[in-house]
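Read from first to last, the chains carry the letters A, B, C and D; within each, the first residue is number 1.
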Amino acid sequence: MTYNVAILGASGYTGAELVRLIATHPGLQIVGLSGNSKAGMAMADVFPHLRHLDLPVLTTIEDMDFDGVDLVFCALPHATSQAVIAELPKTLKIVDLSADFRLRDPADYEKWYGKGHAATEMQKEAVYGLTEFYREEIKAARLVAGTGCNAATGQYVLRPLIEAGVIDLDQIILDLKAAVSGAGRSLKENLLHAELSEGAHAYSVGGTHRHLGEFDQEFSAIAGRPVKIQFTPHLIPANRGILATTYVQGDPDVIYETLKAAYADEPFIEVLPMGQHPSIKHIRASNFCHIGVVADRIPGRAIVIAALDNLTKGSSGQAIQNANLMLGLPETEGLMLAPVFP
Amino acid sequence: MTYNVAILGASGYTGAELVRLIATHPGLQIVGLSGNSKAGMAMADVFPHLRHLDLPVLTTIEDMDFDGVDLVFCALPHATSQAVIAELPKTLKIVDLSADFRLRDPADYEKWYGKGHAATEMQKEAVYGLTEFYREEIKAARLVAGTGCNAATGQYVLRPLIEAGVIDLDQIILDLKAAVSGAGRSLKENLLHAELSEGAHAYSVGGTHRHLGEFDQEFSAIAGRPVKIQFTPHLIPANRGILATTYVQGDPDVIYETLKAAYADEPFIEVLPMGQHPSIKHIRASNFCHIGVVADRIPGRAIVIAALDNLTKGSSGQAIQNANLMLGLPETEGLMLAPVFP
Amino acid sequence: MTYNVAILGASGYTGAELVRLIATHPGLQIVGLSGNSKAGMAMADVFPHLRHLDLPVLTTIEDMDFDGVDLVFCALPHATSQAVIAELPKTLKIVDLSADFRLRDPADYEKWYGKGHAATEMQKEAVYGLTEFYREEIKAARLVAGTGCNAATGQYVLRPLIEAGVIDLDQIILDLKAAVSGAGRSLKENLLHAELSEGAHAYSVGGTHRHLGEFDQEFSAIAGRPVKIQFTPHLIPANRGILATTYVQGDPDVIYETLKAAYADEPFIEVLPMGQHPSIKHIRASNFCHIGVVADRIPGRAIVIAALDNLTKGSSGQAIQNANLMLGLPETEGLMLAPVFP
Amino acid sequence: MTYNVAILGASGYTGAELVRLIATHPGLQIVGLSGNSKAGMAMADVFPHLRHLDLPVLTTIEDMDFDGVDLVFCALPHATSQAVIAELPKTLKIVDLSADFRLRDPADYEKWYGKGHAATEMQKEAVYGLTEFYREEIKAARLVAGTGCNAATGQYVLRPLIEAGVIDLDQIILDLKAAVSGAGRSLKENLLHAELSEGAHAYSVGGTHRHLGEFDQEFSAIAGRPVKIQFTPHLIPANRGILATTYVQGDPDVIYETLKAAYADEPFIEVLPMGQHPSIKHIRASNFCHIGVVADRIPGRAIVIAALDNLTKGSSGQAIQNANLMLGLPETEGLMLAPVFP
């Protein structure tokens, strides 16, 4: 069975990553691509690495024909997404890769994104797209909200630990190193090769990064009380990958066993043997997430490190994993591509 | 139909690339992996990016059981390869990724590799593995000799032009930029990150690079007279990819049409529209080769630029393409993975 | 003796490089900095790496006080430069880093830059700033036109060879690899880290790069006949450095001796021993240029490779070298900083 | 006044960095260079970027003539250093860049370096080389022990805060990102370009990094009680630079004021305005250290981030700063080179 999908916002990196993955996905076929600023162009002219594929020409969203489309991936910028999705035919299944439907509470949305939500009804309906923890809801959902890439990485470490009650909820520090593609194809000075290569610096320091909205929402819900973590992302001179170094207080062996058990049956989450820890080099361009636990020399403290590819498991791969569930396809279909090394 | 394959020398980069590609290849199954210096280790400990796969433990070649094996990929170092291959069961099909069987004339081998060939009988039998030009011979071959990665890139540009007689055979310059994985996982000072990053330099300047043995052999055979090109490879601070800038003298439009026609039906060779030219960024981690032709401002001269991934189309992808032909599988099976960008 | 200098266009990379070099130059003091779009800002906020320096606040050019200024470095964009320079007080010495005064013939300027020159009188007066070849003229000049960075590199290889008549003037190919800072701090998609890192591609292929205007002008003047070279620049994933691989036809030993003799007394041009060749890693952030000659296996052909840092010897270092001469300071003053490695 | 210096172990990165800095230092002259494995070679053949300098040929340590030498920089590997230094003429002043004399207690040395110290008398005499905090002792010292590069970075953040008693001593986390040159010119697989580029991973996780010996020694001495921090270094794909993200508990404004006051008169330590934070790109190849303080959203917590160049301020620049003091030269002489950007 092959399903027809369309990609809105196909001229960005997550759009291109969706096309890359769907290119060898046996159950999905791309029948529409939109990219407003590049409407009329062939995808090969926007992304020459896709030139071997037989793809639809880019159109505006207005000109796109949704007849026969089973599912839409929406890879539009934040804020744009909610307006577009509100107007889509109600028969369509939708996986949204923007931030617009990640936060359930309109007040939270306004707090983190600086303006009111324009589609609060759909916001209620949306299912949070962290597959391993919302699997059943996703299967039944019409609209799934893809998580933030940093938010996904941190949650893979912390959700099972908070759920199991094995760490101190008031002493959680997440120091994250992010590759640059997470910032998208934006023309910003600090994203230039000359500025970033041989550089490294923090950003959104002090608790201002928007993905904290997701952490706060999810961790507090699990704990049944407010949980606030410290979160400092850093930009490193690499293109793909997130490395999340998490400092927690609790018994390291219990922490390890908790994570090991939580992901025992998960196809994409690999918990390394106790004492080992991952590299972003080892999950690149794949849908896998590697997690490692190391005991600190100070008793009762552990370092848990997770690595995933922000464009794949953190975004477009996750989106396809969710689409598979929504369409009744095998969850791993099209996603078992091995990481690219070196 | 699934065939059983073994990889000798699985602890190097081309070995790892074979495993990566075979991981999602529906017609091949890995039943043996050798790596003499790492015998006894799990592949996940040598290459953590492959840890999600269920792979055989690394063994020595001596301990490998070839019963039931249909085809062997031999990714051993030069010189080692010929000794090992000479001892393998005669029933095995073999794709050799080393340089040992690329040159047909033992004198040429000695000239370029500095010592006599130890398996000259097999040398005669070996088919040169540039798939697009030796397709029928490869289908019937027992032993196929994978080409040099630089040698492949240059030949994709020049073979059709020499064959068609549309360029001056005495004025061919190939200026090549190669990423560092082509040098393998060797512990050499000039391959360290601190030495290569932010660096760029030529190597084997002046006609001393061994892949010239392949160019001389092939181009002279096509032309029916000795052809010697100038060839200067450069190391650039990237991990995968070869960009070959070729300076030829002839009519640019005729050159373009010749290449366009030569590759019209090839699944992996993409000739870009006249005037466009490729980037290694657009073929990364894929089996595709992009070729572009630009006319110079000096009449009668053209620049032809080709890009491919040295580990895929230049080595392990090519090897699988050839294995597919030898086993009667569809030539493109397992190889349609889209390039990884960014 | 300390001279007062001002820098117009101090918010770009060549402006910042001028400040970096002047910071430890005993004979120059910065008394004015302009940067129209950043007027009113402290230099430390535009370039945090300069925050330890006591520098003037950025102003508009209109607001700059030229009283007491001995020399102006003009690091403005092409076309802007000529209009600004025409209005500067006639008492000022000027080193222009733009392309506006490199070409002596207004027709050439129009051909390569696409519009007429607005200050043709000053164009006549300007001295071409390739120090080693225009030293005496520069000492006496009021206006010196800094060369293109690629143009400088190619000329260091070819001028002595053309002058000496030791190479075939109709068979010169310059294949150049350029780091990205040569493109300036422009917000262009292809200059993003995600697009350039792990990439490499040619640009301005076929004889369309503007620096060919300089090559044509200079080489033809030396040869006393029109000389046209083939020139293909490539962008490589590095920040600083130009590697120019030059293919010439002539006796390699004579070529080597010609270059060796030409630069015997030059403080910044190092001709390596015959057979050795340079890396951009070895001249980084310095005013040195390394040149190497290798004989090809084809008799009568040589490869000459030069390396320099586009921002230093190719631009801002060259500018200071010329300013030293114009002000009567020792030519090497402030410029003997050793290259930064690794 | 010019002093004669010798460098032992000049064939490594810190040796080369010493030569680079001394090249434009008016008060120091290099009269001897040793490099046992490269004895007899010209420095230009070991480090081509230094070829413009007139330097002594490399010798063995045994063959070096210490007559007339005022000060020796010892850039030898750990453990080798102590044996060599014990045999040097007692009249020599010595700056040691190895780890051998950093720890004052022989038991600590054995704990962190795995074997007994062979020169415990000299160990007592050695002064710890963190200039800003041991300035007077260094002026009077015969033997100064250069600090670990990571250890320096962490101490610039934490010493004033511990001294002032403004942070919780039991809740200090130092998450550090280190460029690869800190690992030296060693031939290790994980330092290859192909392995590190596009990669990022932690190392020595859990409190096993040797620089913890320095942290424990120094912080406990300042606090007058045992202080143990959590310290996780990470390797990032860059060549120079350390970024230290420090999580502390205390009043952010007090923390900022404490650091601001502590470094008010220091020529190389720049405390950024409150809320700003540094990048390794902005201190590269210089002796400067930038420090920034940001308040976390959780009251009573702050993030303090420091950046320095491991080869300069973290090692060879620090060594020259100390040598200046030992020789009675101005402390900043030869060290005011501006950072190289981009």
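By definition in this document, a residue touches a chain if its C-beta (ideal position, glycine included) is under 8 Å from a C-beta of that chain, and two chains touch if they have at least 3 such contacts.
Going by UniProt, the chains are A, B, C, D = N-acetyl-gamma-glutamyl-phosphate reductase.
All values derive from a computational prediction rather than experimental measurement.
Judged by contacting C-beta pairs, the busier of the interfaces A-D and B-D is A-D.
Relative to subunit B, the chain whose mean Cα position lies farthest away is D. Our note on geometry: subunit A versus subunit B, Cα centroid distance of 36 Å, whole angstroms. As a whole-number value, the distance joining the C-alpha centres of subunit B and subunit D reads 45 Å. Subunit A and subunit D, compared by their mean Cα positions, are separated by 39 Å. Shared interface positions of subunit A, defined as residues touching 2 or more other chains, are 13, 181, 194-198, 237-240, 278-279, 281, 284, 342.
Contact residues of subunit D toward subunit C in the complex are 13, 16, 19-20, 23-24, 47-53, 181, 197-198, 239-240, 270, 272, 278-279, 281-286, 288, 290, 336-342.
Contact residues of subunit C toward subunit A in the complex are 13, 180-181, 185, 187-189, 191-198, 237-239.
Of all residues in subunit B, only 171, 173, 175, 177, 179, 194-202, 205-208, 212, 228, 230, 232, 234, 236-241, 243, 245, 247, 275, 277-281, 284, 294-298, 301, 303, 305, 307, 342 touch subunit C in the complex they form.
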